[in-house]
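Each of the next two complexes has chain A plus one other chain: chain B in the first, chain C in the second.
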Partner chain A sequence: MDKLARVSEVSQTEVKSEINPPLGQGLVKVTETIAKTTASEPLETPVTVEVKESPKPEKAALEAKPQPPKLLTIEKLNFYFGDHKVLKDVDLPILENSITSLIGPSGCGKTTLLRCFNRMHDLYPNNHYEGKIVMDGRNILDKGEDLIWLRSRLGMVFQKPTPFPMSVYDNIAYGLKLKKITNKPLVRELVEKSLKQANLWEEVKDRLKESALGLSGGQQQRLSIARSLAVSPAVLLFDEATSALDPISSAKIEEMMVELKKEVTMVVVTHNMQQAARISDYTALMWLGSLVEYGATTDIFTRPKMKMTEQYVAGNFG
Partner chain B sequence: MRSHRGRVWTSRVALTLATLCALFGLGLLFLILYDIASHGFKSLSLSLLTEDPAGPMGGGGLKGAFLGQGLLTLVATLVGAPLGILAGTYLAEYGRDKRFAKMVLNLCDLAMSLPSIVVGIFVYSILVKPMGGFNGWAGAAALAIIMIPLVTRTTESMLAMVPWTLREAALALGSPYYKVIIQIVYRKAASGILTGVLLAIARIAGETAPLMFTSFNNNYFELNMNRPVPSITVSVYQYAGSPYEAWISQAWAAALVVTGVVLFLSVLGRLAVKWRS
Partner chain C sequence: MTLRKLFNRLFYLLTLLAAASLVFLTAGVLVTLVVESKPGFERFGFIKFLLSSDWNYSKEMFGAFRPLTGTVLAALGAVVLATPVALGVAVFLTELCPSKLKSPISLAIELLAAIPSIIYGLWGLFVLAPFLENYFQPLMGKVFGGLPVIGGYFATKVAGGLNLVTASMVLAVMILPFIASLAREGFAQVPDVLKESAYGLGATTWETIAAVVWPSSQRAVVGGIIMAAGRALGETMAVAYVIGNRHGALDSIFSPYVTITSVIANEFNEAGPTQMSALFYLTLALFLANLVVLSLARRLMRK
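Then we have the complex of A and B:
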């Protein structure tokens, strides 16, 4: 089973990540003064970030691997809750058919960034974006963007399962109805397909007409995923989607996500470092609203360029 | 500091007094119920529901008044419940964090404690005097006015209890907000909202004061809303005040029926609240 193989491979990676990466040639010292961001997290002293330039040979190795095309490109993204600037000049690519993890300490803006992709912030007053998120050559942060359409292209899975108060079947069919897909056999087929993709079909195929509220937490979360998948989105956004679940339920979801890469691109916010290492192809570390480092997951965990990344993935702060 | 014994005794005395007060209140309630039941059952008969009023010498019934009260309550509910639900929806869904909505909610609480006779007089001045006489519409309007703040309040609090992420999840699927409210939020809050409507019906079904100045009463069988419509509560008021033995005992029987219906609706509503949680 290649899942097992994958897990053991990852656990080796974790072991390796504890060994210090080789020192880079030059140590560049960057002093950054970061303004107080929140009242609750006052930051009195300027923070010193040490930036290490990565050794050249590894960079070459990275370039040798063919990279999938960019599906989304975040360019100089700033985001404000009222006057409070929460995202600062974030530049980040999201590559197609891969999983990108967003990691970083609580309050660093992971959720805020994730919710920019499907413009959830537009539901509340006084928020505004600066910069771009480019998809298919268009800036999806444009004022004129059709949000209904956008949100059907970028599905979202929340931390707590969100079953609708209706049957399992109707939960999945809900999004289809919104897209005016009402042909019964087709709806049935799509419901079955998405439940299978979410690894839930076997458990619910005999209770499709029962209320979704009767499912277990893990099942409800996979139901939420299946519901998003039914409208065939290009991207699925996960916001700590497994953090409220038991280890077995989360393992099922992780397994499913890896399977799903064939069909959708995923962006995953997680505070579980092992999870990021296990499932993601690319990882981005955020800190106080800025992107600290982005790269292939193995690089981030085994040979990060930034001192801060090295400390964070080793669990030294956060 | 006082001794332990002292405090225990103070506590015992306070507890005893509080218990006695509660028993006193409950006792009065049961006394009223017992009184209504003992007098009411004596003259309760099927003819009360099926026959038209007869003279003060006995016989006959209050068929028209029962039907009239039902009609007034139905019309009031058909108007008041949707208006209350829509107002509650505005407050909970669109007016969140708006000062205007907070103000409306406070006014709602105020309206809920308005004496119902004030509503009756208000409706009299706008729907009875200008129309040239008592009429059923005015009665239904008065009941609806009492109902609206009740339904608004319960709807608002039931909708506010629906977790916000549920709405976000539906919006994140590409659903427009109005569809989210109708298809998801209402469904989640449905039993709570219906319970609120039920309790509001129970509240208006026993009202007398707002009807006396509006639909008044009618000794004849009359379900034309443009004319005075008979109602059981006003009939009870009038019969009970009459000097005739037969009418007084009919008033007891009618009072028993109204009390039974209101009690049934309230208990049903409260049980529904319990089943939900």
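Then we have the complex of A and C:
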């Protein structure tokens, strides 16, 4: 499995080397490495070479845009449920003010990886982490990490909407109350702002005092997002957040996510390939707990380096 | 009709019979109680019977006030004492307990529920009552005895440790496992993802319980507490051992008193006809009280 992880490192290097043409020499070596590492795999020879040789000029210009800084860096992350290793040497950057999609077949570890970011696994017994997730120069997987603080920095939205059994207003104000923000006008302002960010304000502004349980599924999901946004997190983690919703509700949320990029970094676990292609800037494909390939979304979907990626995005397996 | 269909029909009838037998049993109990209470009802009426604190064998005057208040107060005291501890146990087990401790603690709770009530009665009589008499009652007398108006209710006016408080404490221990397991079930029904989203906002365990777990399970838990109160109302043996069995005024929480079931247990053997009818009448009152309590609990738990 180490092989796959190494490949992913390589593919990052490659992304960089495209930005700086002088490093192009490295390419030869890189492609060789890929060929070597995948040689023993049942997959065919990677398509990388051909892709490298004829980049369209305008594509190249597009990719020459400087990359945003890394907000989170996953380094050699292993994760175990008991003795069972479910994440294997994952290396992955999460770039600021962008959307990163995690795709892959069921059971590949993408949700497990997402739940490492806010240490959700710590709520349950018998699991442990190895490796690092670096944020602001700190490893947030450290034993001494303040999880209360961490989780308020990395909000999470789940597959099912999770309105709390209280009013719409109180749902949003709840996180603020946890942060001891109690100044009424300020709370009101923040509630309105986050509901607007979540494209929900127009629909609920006249029923703020009503129970959140009376909203429709799509509204409840946007409420859950607004609630996370209210505490101004640095990152929002979406765990298949639209898979239980109808297409119109999903579209509203997707639209909102793209707008939100200005303010928050997002990591999205999704089974919906079209969604990953539509909204995300970067995409990572996982398989059996390892990272197969990471890159700009357009590359992953149009010019994947790995045969496996090509097959997966084409719907040939998974 | 094929054999299979015939069997299916038979199966339906069998289960129906089983269910119906329960209804008949309950109806039978009710009919017996009503028939046997009739002389008492004719003699004492209903409201008068409930409000009269007479219990006079020679004049054959009987009233339900003391046994009824004793029953209600002992049960209420038990619920008040047991609920906080039981909720603590339930929260610890569902939210905080390291997985290794989970099964020993759950087992301890279940074993506590399996101890026969006479054992609790003997424990109350030989262990708890002397302890309360020697240490707890003097202390309470000293601390609260000086208060105006209510001070007298904390004094030990009849020597001994067999009284309403002792009965409540024994009952509290007995219903604790019941409340704890019902509350635990209620808490466990709250979806993980709801708790996770509270934790995900940076809530502590306490804040998560207050915001999400309690509001979502409140009804089930309160219903469970009321069901436990129903059990405490009907508990006989343990209470008969420790309540003191005195048909006197309740002038202190440390006074010996009576409950409906303790009166029945103590007096049924030697009761004359009028007294016997009064005892049935008491039982009918308890039956109705339990009916009210249980339907309240069911209504709460169903919603």
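Convention: the second predicted complex is superposed on the first by the 255 of 318 C-alpha atoms of A that agree within 3 Å, B and C clash if a C-alpha of one lies under 4 Å from a C-alpha of the other, contacts with A are read in each partner's own complex, and residues count from 1 in each chain.
Criterion: a residue touches a chain if its C-beta (ideal position, glycine included) is under 8 Å from a C-beta of that chain, and two chains touch if they have at least 3 such contacts.
Predicted model only: the values in this text are computed from it and were never measured.
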| item | value |
| --- | --- |
| Joint occupancy of chain A by chain B and chain C, clash or fit | clash |
| Touched partner set for A:152, first chain B, second chain C, both or neither | both |
| Touched partner set for A:162, first chain B, second chain C, both or neither | both |
| Which superposed partner A:227 touches (first chain B, second chain C, both, neither) | both |
| Touched partner set for A:126, first chain B, second chain C, both or neither | second |
| Which of chain B and chain C A:216 touches, first, second, both or neither | neither |
| Partner chain in contact with A:182 - chain B first, chain C second, else both or neither | neither |
| Doubly contacted chain A residues - partners chain C and chain B | 118, 120, 123, 148-152, 155-156, 158, 160, 162, 164-166, 174-175, 178-179, 224, 227-228, 231 |
| Contacting residues of chain A [partner chain B, same complex] | 118, 120, 123, 148-152, 155-156, 158, 160, 162, 164-166, 174-175, 178-179, 224, 227-228, 231 |
| Residue ranges of chain B in contact with chain A within the complex | 163, 165-166, 168-176, 179, 183-184, 187-188 |
| List of chain A residues in touch with chain C within their complex | 118, 120, 123, 125-126, 148-152, 155-156, 158-160, 162, 164-166, 174-175, 178-179, 224, 227-228, 231 |
| Residue numbers on chain C that touch chain A, as the complex places them | 98-99, 191, 193-204, 207, 211-212, 215-216 |
